[in-house]
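Structure in structure tokens, see below.
Chain naming follows the written order as A, B and C, and within any one chain the residues start at number 1.
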Amino acid sequence: MKHFFSVEDIDNSEQWIAEAMQLKKSPLAHKTLGTHKTLGMLFFNPSLRTRLSTQKAALNLGMEIMIMNFSGEGWTLEFEDGIIMDQGSSEHIKEAAQVVSQYCDVLAIRSFAELKDREEDYKEKVLQGFMKYATIPVINMESATGHPLQALTDALTIVEHKTETRPRVVLTWAPHPKALPQAVANSFVAMMQKLDVDFAVTHPKGFELANQIIKDTPVFYDQDKALDQADFVYVKNWSAYQDYGKTSLDFDWTLTKEKMKITNEAFLMHCLPVRRNVVIADAVLDSQQSLVIKQALNRVYAAQLVLKKLLDKK
Amino acid sequence: MKHFFSVEDIDNSEQWIAEAMQLKKSPLAHKTLGTHKTLGMLFFNPSLRTRLSTQKAALNLGMEIMIMNFSGEGWTLEFEDGIIMDQGSSEHIKEAAQVVSQYCDVLAIRSFAELKDREEDYKEKVLQGFMKYATIPVINMESATGHPLQALTDALTIVEHKTETRPRVVLTWAPHPKALPQAVANSFVAMMQKLDVDFAVTHPKGFELANQIIKDTPVFYDQDKALDQADFVYVKNWSAYQDYGKTSLDFDWTLTKEKMKITNEAFLMHCLPVRRNVVIADAVLDSQQSLVIKQALNRVYAAQLVLKKLLDKK
Amino acid sequence: MKHFFSVEDIDNSEQWIAEAMQLKKSPLAHKTLGTHKTLGMLFFNPSLRTRLSTQKAALNLGMEIMIMNFSGEGWTLEFEDGIIMDQGSSEHIKEAAQVVSQYCDVLAIRSFAELKDREEDYKEKVLQGFMKYATIPVINMESATGHPLQALTDALTIVEHKTETRPRVVLTWAPHPKALPQAVANSFVAMMQKLDVDFAVTHPKGFELANQIIKDTPVFYDQDKALDQADFVYVKNWSAYQDYGKTSLDFDWTLTKEKMKITNEAFLMHCLPVRRNVVIADAVLDSQQSLVIKQALNRVYAAQLVLKKLLDKK
């Protein structure tokens, strides 16, 4: 693994999950691995869980951390090749990535989809640009189209809590007032396709994920039908891929206590932040079945495992 | 002490002050107490002294530090229960507080009054929300209605400099162009009520602090009368509690050299930042009687004592 | 050296460069020099290289780091003496500098020119204010009129790469869509005047640097003539000193492959960030002759040397 860009970089899911579990048991077991190693964290967008859990993971490995918030603290970057930079951008990714690589040992980057131009977003110009020009490993802390640290966390959480050998896992779309990227859903789907689970996706018509993501995963337009006998319900809003960036507040899709009754007393999952009573009803979020807080804790060990693997290689 | 929210959490003022003095003499005496412990600092408002002195205090104890500036770096939080979150807020305090608690060992939070709705401010929704849902100790780094780290600093500074057994301490209002919260004044009053001092408050009519704060502390509308024979003059602006958030630029209340002559060669105190020649005249701030810089240094030891007590308990 | 404010603070260029080279060979040789010492970094403007390279330098010396971004995180500072602070500024430099000095061991500050009023900018009120009132050493991380850490880096890079005993070094102006300060050019000129190099400056009429900077350095209005036989070409835009803050997009001054042919296969230098195909053509930046990335790495050792000298003194 040169970079950790997508779920595809997880070469052996079972083994990764076992190693992450091990880190969870003994978070400080590798406290000297990161001595005199620096993690550079570059944020082009807001972050709470990812910011803090990735820092915590680096600290657990004894790393030093340097953080850049590009909005406000730094320069506007240019990503196009050959362009005459006489407009708003002050610095080209070519220089930024090479320079930062010289000050750090690992680079973690967050850069969301802009949800204006699908082709642009799916080009992943920020992460691809850094991976192309950086001379050190790059970690995706949520890019335009993927959030693999979250997906690894989710896999870990499912394996930790499953009682069936092959549990039924359902990813259900939820309403949202603001257009959100497909990143979390895309990576979750890719992750589930690698696990031994009975996986399905459900969403209203018009909210289909990309074909190259969904592949042969069963998709239901009928949420109730999808939730039937589910052991894990992963709730997440995403805006439309076809009518790109379209969102909807169709509250019939809010995950309620009633809908949870259709399931096999399923565990509730969500990556957070979650809009209460829009995406998921209070009664479900506050129930014993909710794993959302435990899931957030696992973010530390997913990030720590990825950092450890990248440091081990060096 | 579960949290450090208000002056009420100081169970024994004399002992706390003695312990803080001890930390000032040997700041690095407990350098390993915080090993592998993380202080999370959450800022909803600007901060210079609090930001840096609290960091310094944590470093003196060997802690690791993670900082979140909520404006810009994070999500807008919701504090109401049962609300349908289809507006501006992306995350509920319930999740935010529980999640952050899993990444840190102590949480320090700054969140000012908005000065629009007195009842709302005095509910202390941000600090109370974090204290309710966090699973780790919470430290108030200035909330809507109190600033106990400042008050502890002030008590320490008074005890350090007093020459009388029972000095006269006067808190005087000062003019200000911008409405400021009552937090510093509220906590200073509560702190003085716990010390063996001859304490009085003076302000123009209309700037009364809340009755539940003032209790039986003498209040003067005549500044000169209050300053008479004072050993310590604490200057601070606050906006009105009655006509909530009203401010005034009544320069007759600016603390000048002439007014200092009424006192018993009093020491000058202020929490900073201070607007020169509005709140206090240059001649007073730049005089030998001014303790404002020394006071700011003591912020480190007040914060360090609180952190130490919370870590000792763990 | 009390502070590191300008190139004038480098008392012995040759020795400094030799020491910086030594740090580059063994960056961790002084890892305990900074134990329990804190570097305070104050940013009034954006920063990427300076922010990260100075942090890295401090970490290499074992220092702790506290960062303040004044826009957003802190208070607006006042720099005038005797002013009645009833307008936008909340805190006077007198207090800010003294207070911060108590929490840190070294202070590094970035504050750009505003390019509105030449006299104001050349007064260097921010850096001068901090140097006047701070009780600890202050490092200039680019001020209104100078960027000595960059100049030291540049000298180091030239000495590292020169093949002639006395190489020809040419500083050439370049076009730019946005007015930039003279800081980098000013400090580079002053630095070259201290080195044993054949140095010249070239720029269009109207872009003369200040006489007190240029002194007897040869100046060419004919770029081709200046570039003839150059061993190092340092490209940099600056806005006009005479018609203060005027900029120009005169693309004839863009450094192209054709112009590089006039030189003695010169090395290309630039402080970054650089606007591609405006300041320098892609073909030059991406050529083997470009030192810009290596130059950026040397920022670490320039900063580390300055920090080391200031810590050694303590």
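Simple rule for what comes next: a contact is a pair of C-beta atoms (placed from the backbone, for glycine too) under 8 Å apart; a residue touches a chain by one contact, two chains touch by 3 or more.
What you see is a predicted model, and the numbers here were worked out from it, not measured in a lab.
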Overall pattern in which the protein chains touch one another (line/ring/star/complete/other): complete
Interface composition of copies chain A and chain B: same or different, split at half: different
Cα superposition of chain A on its sequence copy chain C - rotation in ° rounded to nearest 5: 120
Geometric centre distance via CA averages, chain B-chain A, whole Å: 39
Residue list for chain A, restricted to those that touch at least two other chains: 72
Parts of chain B lying in touch with chain A, wherever the complex brings them together: 36, 38, 40, 64, 66, 68, 72-75, 78, 81-87, 89-92, 94-96, 98-100, 102-104
Complex contacts: residues of chain A adjacent to chain B: 28, 31, 43, 46-49, 51-53, 55-56, 59, 69, 71-72, 177, 249, 272-278, 282, 285-286, 292-293, 296-297, 300
